[in-house]
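Two complexes come next, and they have one chain in common, chain A, joined by chain B in the first and chain C in the second.
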Partner chain A sequence: MKRSVFVLVALTLLAIGLVASVEGRGGFALSSQDKASMTEVKIDNFSFGPAALTVGVGSSVTWINRDDIPHTVVSTDDAKTFKSKVLDTDEKFSFTFTKAGTFPYFCSIHPKMTGKVIVQ
Partner chain B sequence: MSRKKKDEIIYDHNNDGIDRRGFLKCMAWAGTGAFCVIQGGVLNSYALSRMPQTNEKDTMGELSFVQISDSHMGFNKAANPDVAATLKVAVDKINALPTPPEFMLHTGDISHLSKPEEFDTVDQILKGAKPTDVFYVPGEHDALNDDGKQFLKRYGKGSKGAGWYSFDKKGVHFIGLVNVMNLKAGGLGTLGHDQLEWLEDDVKHLTSSTPIVVFAHIPLWSVYPEWGWGTDDSAQALAYLKKFGSVTVLNGHIHQTLQKVEGKVTFHTAASTAFPQPQPGKADSPGPMKVPADQLRSVLGITDVGYVQGRHALAVVDSTLA
Partner chain C sequence: MHPFDIKTVLFAKHAQHVVLIHFPIALFIIGVFFDFLAQWKKQPLLAAVAYYDLLVAAISTIPVVVTGIFAWQWELEGQRLKGVLLMLLAMGCLSSVLIWVVLLIHRKTQRKPEDVLPEYRLPIEAVAAAFVVVTGHLGGFLSGVNGPG
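Our next item is the complex of A and B:
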């Protein structure tokens, strides 16, 4: 009897451990994937992708130009919160968002190209 | 020279002087070249291949000049890995014209990334052209990172504001406008209040019989707003030119030749000397169009404009680099 209780407890502990470990691994993998894909904006084919990006306060966002034409990343507000130099093919620009809010931006060379970063 | 009766407008739903079939026909000119004569606001056009059959007198006036555009010096992607070579071909074409043009207009995007060495290369190549005078307006690629300061220093001597100016040649009033500065998110090209005010004042003293040639980088008519191919406040500028009997508007930016007649105004866009761009809406984006290397020069070009004094006629001739 004592032995079977021991086995049951052991199996239960093992099960909890397995679940915890699976959750832990799964959770870790998900968050790292999210972080990587959600803080990068790809510029391609005269558009920003994703056009609307949601990040947490303190996040750094990187824009990378995958187009064969130069583009810029310029915030729409008068204060020009962020403004990149011209980005030729494969060049990058990063900006860290320290305040919550919605930050619309555009390409100052091709102003029909617009996007926004939502900081929560 | 006879008018092409078959080109008369049959359906003009937008009351803009051009029907759909006519517009599509203009589109077909892209890369093949077109010769146009404007007489009292009426435009007659001929395919460049028909030029040998036209009366030479009509293209050889008292004033002729050449428009080149969109050299994009520094561009080196697949659509044209050697933009210096194609600009040199353009210069050779200009030097081979039967009547030497008096000057050249460059309607912007001289450089690709506003780098000093890119401007230097273009200057060096254009020194090989017979016409020594070149009049420039900036494209958006010439004003990157410095709000156009370098452009103004190099080409803006005697200009106002961001580089606009006017001059007279043999009775024709030329106006160079800048519509690539301070572009607003979601918007098109912009002339801005100061420039419009200057324009109103600039043409006030002119008689209505003065032929006007306006040149600017981005088209001053709505070619395809979805791709930013138009200018937000161009209607105001054109309103100031309403009294004139002959107005020709020369633009670049869209890397293909297109024409449109609206009342007494003829709009014309020039081909690029660097790389072609797709027809409006015919691709996902207006990015450089890759054509087979042996066909590239047939879609690049120069524009030769002749003026016959006394008849207020301007002839616009597109020539490809092939």
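Our next item is the complex of A and C:
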């Protein structure tokens, strides 16, 4: 009887631990990570990540160059909404989107590198 | 975008530089190779081949330098360069000057057939070829051809 109670308590504790662990990783922690990465675009290995980013009006987006070589972030819309200077490794560029719309951009040193920010 | 696409050639501004740069690199290196071969084999025909390779290599540096400066001024709005871009600019200019120096040495002899090509040109050519290779490597690294991308 004592033994089965002990096993039951142990299993319950294990189940609670597992649920807390999964929730910590996939639930609460992931949502805060998502929130942080939503407004950051990483430049690495000749690509923008994520290539397409959706943000709300008034959000700031920061591009950070994690590549070994310089890149730029230049919008290709007619209004030329934003244009960064040459970003060396670990340098950042931020822009605040005050209007809704889709803002495609590219790296002017490597035109094949493209991305877009969708502002809703 | 494709560098041989007409629209890209006309509108991508610095795509021309990426295409044109291959001409002086290839022609100069092969010109130096033929010149060394001509010196070794004592073959005037090989020396003539080397001369014309070097001539076209030197001429092709002009559009390369011009399109490189256009890319800097148009795409990067002439901002102060640093790092790999600055190194590429410096090495590119130095390589172009060395290519012209080598050509002028050859041209001087070409105009006076009785003259013999001076042997001091060979170390200059070797140094110039090394500069061209390093510059090409920097360009390749910058464009992603020689890099991780």
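In this text, the second predicted complex is superposed on the first by the 88 of 120 C-alpha atoms of A that agree within 3 Å, B and C clash if a C-alpha of one lies under 4 Å from a C-alpha of the other, contacts with A are read in each partner's own complex, and residues count from 1 in each chain.
Just so we're on the same page, contacts are C-beta pairs under 8 Å (C-beta built on N, C-alpha and C of every residue); 3 or more make two chains touch, one makes a residue touch a chain.
Everything numeric here is computed off the predicted structure, so don't read it as measured data.
Student: Overlay done on chain A, so just call it for chain B and chain C: clash or fit.
Tutor: clash
Student: In the overlay, answer first, second, both or neither for which of chain B and chain C A:Asn45 touches.
Tutor: So A:Asn45 meets both chain B and chain C here.
Student: Just checking: does A:Lys112 make contact with chain B only, chain C only, both, or neither of them? Give me first, second, both or neither.
Tutor: In the superposed model, A:Lys112 contacts both chain B and chain C.
Student: Is A:Pro104 contacted by the first partner chain B, the second partner chain C, both or neither?
Tutor: In the superposition, A:Pro104 contacts chain B only.
Student: So in the superposed three-chain picture, is A:Thr76 touching just chain B, just chain C, both, or none of them (first/second/both/neither)?
Tutor: first
Student: Of chain B and chain C, which one touches more of chain A's residues?
Tutor: Comparing touch counts on chain A for chain B and chain C gives B.
Student: According to the stated criteria, A:Lys85 is in contact with first (chain B), second (chain C), both, or neither; which is it?
Tutor: both
Student: Please state which segment of chain B collides with chain C in the superposed model; the candidates are 20-28, 182-190, 200-208 or 290-298.
Tutor: 182-190
Student: Across the two complexes, what residues of chain A are contacted by chain B and by chain C?
Tutor: Common to the two interfaces on chain A: residues 45-47, 67-70, 72, 85-86, 88, 108-112.
Student: Any idea which chain C residues touch chain A in the complex?
Tutor: Where chain C meets chain A, its residues are 1, 8, 12, 14-15, 75-76, 79, 81-85, 141-144, 147-149.
Student: Could you list, by residue number, the parts of chain A that touch chain C in their complex?
Tutor: 45-47, 67-70, 72, 85-86, 88, 108-112
Student: Could you please specify the touching residues of chain B with respect to chain A in the complex?
Tutor: Contact set of chain B toward chain A: 77-79, 112-114, 140-141, 144-145, 183-188, 226-228, 284-288.
Student: Could you pull out which chain A residues touch chain B in their complex?
Tutor: My answer: residues 45-47, 67-70, 72, 76, 85-86, 88-89, 104-106, 108-112, 114.
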